[in-house]
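First chain A sits with chain B, and in the next complex the same chain sits with chain C.
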Partner chain A sequence: MSRQLRTYSSELILVGLIVLAAVWSSGLSPYFLDTSNLLRSAQFFVIFALMAFGLFPVVVQGEIDISLASTLAVGSVLFALLSVRGVSLFAALPIVLVATAALGAVNGLLVAYAGLPSLAVTLGTMGAYRGLAYLLAGDSGVTGITPDYRLLGSSWVGIVPSSVVLALIIAGACALLMGTTSFGRYSYAIGSSPAASRMAAVPVNRTRVAAYALAGGLSGLAGLVWVSQYQSARGDNADGSILFVLTAVVLGGVSIKGGSGRAVGVLLAVVLLGTILTGMQLANVPGTSQTLVIGALLIGAIGLPRAVQLIRQRFGSGQLTAPAGE
Partner chain B sequence: MRALTDVSFDFAAGEIHALVGENGAGKSTLVGVITGLIGPDSGFVELDGKPIRFRNPLEARAAGVTAVFQDPNLFPHLSVAENIFTGNYPRSGAFVDRKAMAREARAKLDDLGFDLDADRLVAGLTVAEAQFVEIARAVDTGLKILILDEPTSALTPGEAEKLYAVARKLKSLGTTVVWISHRMEEIRVLADTITVLRDGGHVQTSPAAELDDDAMIRLMVGRSVVLNQVARTEPVGPPRLAVEHLSLPGVFDDISFEVAEGEIVGVAGLVGSGRSEIAQGIFGLSPRMTGVVRVGGAQVKPRSPAAMADHGVVYLPEDRDAEGVISSLSIAANISLPSTRRLSRFGFMQSRRERELASQQGQALRIKGHVQDPVSSLSGGNRQKVALARWLATDPRVLLLDEPTHGIDVGTKAQVHDIMRNLAREGRMAILMISSDLLEVIAVSDRVLVISRGRLTADIPISEASQERILAAATRASNGKDAVA
Partner chain C sequence: MTASVQTVPERLKERLQISGGSAALRIRFMGVLAFQALLMVVFTALVPRFIGWGNVQSILFTAAILAMVAAGQTLVVLTGNLDLSVGSIMGLSAYVVYDLASQAPVLKPYVVLVAIIFGVVLGAINGFLVAVLEIPSIVATLGTLSVYRGFVSFYAHAREVSVGELPQWARHLASANWLGVSAYVWLAVALVLLVGFALRTLPWGRKIYAYGSNPRAAYYYGLSSRRIVIGAYIGAGVIAALVGLLLGAQVGNINSLLADGIELQVLAAVVIGGVSIWGGSGTVYGAAMGAIVLATINNGLVLLGVQEFYRLIFQGAAIVAAVAVDALVQRRVQSATNRRAIMEVTS
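Right, the complex of A and B next:
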């Protein structure tokens, strides 16, 4: 039992923080704890959650992808265009998912096979894909989305919005993928030590490309959620949301250096960030200040392991970090 | 582990003092102690009759003691002049006086006889030129002792000659040049005094004229430890791994050999001779390598480790912590990593089969610890067993082992030797074992290959192998030609 507690300590801390944030938010507004309000708010964060689950394996592998919000924009614009041209959702879904996965795979190829730094590569494609979305959408964007495309954002499974159900399904799939498949094994190994993984005959490059393609595809799926909720698509969709997404991944216990982290942590971190943002909205905190808080949380989440390490070094208990002797 | 025990001798002013010994004899440790990189447990260093203890190489440099290592330690994006004056740029007011710096750097280089443009960036220099920059940086007013660690290992004969001239020049100025080298011929032409180290101990210091090559080699190898040798009874089978004309420009050249089924072939050679790189090339880590690799008669292309592992050829790297295991992962995860595909169904890992595989391998190799423990909790010997176990789980046909017992205690070492013999004789694997431990090479191998400066210089049947013969081949320049040239 205590072993389990230790293994999931970061998740338990997140649960505790969520409770704290919820108490704080309900103190600001009596409407916060209203169930339907809660679920409606949750719907808003599904888009971020899908991107976060896409980014999660990439970060586990020790890389990063900041182009995902731009990929989402390409996805939402493509869905909108196919919708107004009368293509059915079932035909559009594979087309857009393959297209956005291909955009992700381009990042992966440049990082894995060309050996370029992922931050620089995805900064470049962040701009390029954003430009592509603007080109496709035109100045005024795309409106007049057909009802089948809107279904995801306007239907309920019981009292739960369909998009929230989708996010939970993706979360479960992501947990399975990283916890039980060979792709997951390879990802943690690569993130822990790319050199040693290569030496152990791990297909390092292919696994990297797969992770980037998955991230692109999930961003495309997030584009569908966007279209279903906002009933329009523009080139600037989700601009700037990568900050939220990356913060959720890191806050969820995924080391920015790679090699560790779990899907459930990412899910909890999205819930925590969602609670904090909703609370701030209820308290009428302006959007700019919200960005400041999220940014500070990201730095905090990245800095925390280092701070713990420094404190340990300073105040003894050195055997916790000292390597075993011969 | 004790790297150095009770070493005492003197360096005289104005001499070239050669420091020789096998891999692991303690040369680098001694240099570390002298320059303050490593603190000795006991004993002291005296300079000009006064006891000193440098806390770091900077203090040593300030006192006139500087070491230049094999890999030049320079700033690649700065110019030659800037590198020479790092940390003490000539200044005018608050600004660096670039003209004076270039002028002084040029004077310094000319003085040493180096033909080098002071304005060039270090990134564009050859290894030899970079080494010249390091030496120019070290040569300062008040330089008393200059330690050169394997200075010519990456140089062409012409470049080496230049360096000899510099050493002689410094000597004439009263500097002591400590020259660490494996090359008999250069020790012969340069050294005034020779000190032999062995197993971290001081063997002998004598004038160069009183020590011939044979005597020197005998002093270097004269060890007393005896390792078990187990006579083989089973005959070896047909060739399992055959390589022909393997070359990697600047690293190794025209390497051909065979390893038969059930045979252990030892590979001896000095550190830096290209031994590891040959094994890595066969394992698909050097795409630029040319030549032919055959596994069981069929030609294969060493594209990647994954491709070679599919052919049953696996490599156990020397740096086990950085490359051999992933220490943050569990023993089970490490052992199953290369077998991931075999252990999955529809992409899903079957954790029951994984645990079975891990505990089975763990028992076979007697790995201490629970399979769910992280590898970081294990000792070096057990980590090495994990690194080996993960390959044995894939049922390989050819094992390329790079220093399999490096840094492992004696008991585990004997265990690893037994495992290797067992794998070759019962398991019928072909084993190529790279080792710096000549006693180990002789005790375990059926045949010994010797690599010197990227070339195969000897192929010795075990019945004729002796430490002296191996070391002589390892220090020999092959036909005066240099693979690195």
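Right, the complex of A and C next:
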């Protein structure tokens, strides 16, 4: 029992923080804790959740992808264009997912086979894909989405919005993928030590490309959620949302240096960030100041463990030599 | 030892010294120059007024702002890190410093000093996060990017600092022409030369190169990585804060979004100019050249009436291409170093 507690300590801390944030938010507005209101608010974070689950395997492998928001924009514009041209959703879904997965795979190929730093590559493609989205969407964007594309954002399964169900399904699939499949095990191995993985005959390059392609595809799927919720698509969709996504992944206990992290942590982190943002909206905090809080959380989530370690080293050096008392 | 060295033919030794390492780097810089020349020829052929003096002046002006910030960014990139928060530092410095000066006239003569203090503090925070708390620089500065920007909008409350509130000298400087070229261009030249000189001759600069090319070796040599990285971030912060003042004076009415998103262009300039993203290699002159290339592209595409998004695609492709070339150069340098090491051992 105590061992399990320790394994899941970061998740437990997140649950505690979610409860705190929920108490704070319900103090701001009595309507916050209303079930239907909660579920309605949850819809707005489905897009971020899907991108976060895409980014998660990439970060586990010790890489990064900051181009995902731009990939989402391309995906949403493609969905909107196909919808306007009368293509049915079932035909459009594979087309767009393959297209956005291909965009992700380009990142992966450049990182894995050309050996370029993932940050620089995705910094470049972030701009390039954004440009592509503008190019496809035109100046005025695309409107007039047909009803079948809107279904995801306007239907309910029982009392739960369909898009939230979708996010939960993806979360479960992501947990299975990372926890039980060889792709998942390879990802953790690569994140811990690429060189050792190579020697252990792990297909490092292929696994990397697969992770980037998956991230691209999930961003494309997030594009569908976007279109279904906002009923239009423009080139600047989701611009700047990578900060939220990266914060969610890191806050969820995924080490930015690779090799560790769980899907359930990412899900909880999205819920936590969603609760905080909803609370701040209730408190009428302007959007730009909300980014201040997210940025501070991002830094705090990564910096705090190290800060604690440093303080311990400085003030309690005697404890370092003694065996851990637990 | 000396006898055995002479058994290696002098010509071969010379070839070894030039081939690979420095030659690859020199070719890299020449490549940027050639690209710039190509751009100018193409744009002039398509739009004859591109090469007119008025247009060249406007290119130089855009390049001046970029080149100054890029000089600061170069310091950080040389240590193998990144600073995405320069745009936010520029915005924060411009808005908050000018606003403080207009509210407390006592501060007016000290505007530059206040900006420097802001630059030091904000840069030191970045450096602390990266060097002491060991947060990867991209994450740390992505965080401070939004924290600094969030602070400005929090402070500003959707208000603007209007032209009238700016100090007179700043307005004059923004419109001044020295020897037919904007004052900003001369300031940029001076700053780039100054930073280039500091990197080349001062211990501070040499340490940045030493740390960037091999952090481990620098550690064993007894260099303090923390001091070097924090120093580089402070340098970038101070330059960004000062350029923020210049940009603010030029824009006139400053809102809380000044210089939003400029970090991507600055980073593009640095990378295109041949400063290696792995650290330890490249110069501020290269970065300045990169800024000129970017400014030329922007200007040319506007003259051609090409829409904004082609610029984004072009810029993104340029970053990836430049990094790919750098990877080749780095491999060349690596193999040349290895070869030289083998020659020294065998001879």
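Just so it is clear, the second predicted complex is superposed on the first by the 310 of 326 C-alpha atoms of A that agree within 3 Å, B and C clash if a C-alpha of one lies under 4 Å from a C-alpha of the other, contacts with A are read in each partner's own complex, and residues count from 1 in each chain.
One rule holds in what follows: contacts are C-beta pairs under 8 Å (C-beta built on N, C-alpha and C of every residue); 3 or more make two chains touch, one makes a residue touch a chain.
If you're wondering where the values come from, they're calculated on a predicted model, not measured in any experiment.
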Given the touch rule stated above, what does A:Ile256 touch, chain B (first), chain C (second), both, or neither?
second
For A:Val293, is the partner it touches chain B (first), chain C (second), both, or none of the two (neither)?
second
Considering only touches as defined above, state whether A:Gly303 meets chain B (first), chain C (second), both or neither.
second
As a test of reading the superposition: which chain, chain B or chain C, is in touch with more residues of chain A?
C
Would you sort A:Leu5 into first (chain B), second (chain C), both or neither based on which partner it touches?
neither
Chain B - residues contacting chain A, complex:
1, 285, 304-306, 308-310, 314-315, 317, 322-326, 328-329, 333, 336-338, 340-341, 343-344, 347-349, 351, 376-381, 390, 394, 407-409
Okay, in this complex, where on chain C does chain A touch?
82, 129, 132-136, 138-140, 142-147, 149-151, 153-154, 158, 256, 264, 267, 271, 277-278, 307-320, 323-324, 327
Considering only the defined contacts, which chain A positions touch chain C in the complex?
64, 66, 110, 114-117, 119-121, 123-135, 139, 235, 243, 246, 250, 256-257, 286, 288-296, 298-299, 302-303, 306-307, 310
Spell out the part of chain A that touches chain B in their complex, as residue ranges.
176, 180-186, 188-189, 192-193, 195-203, 259-260, 323-326
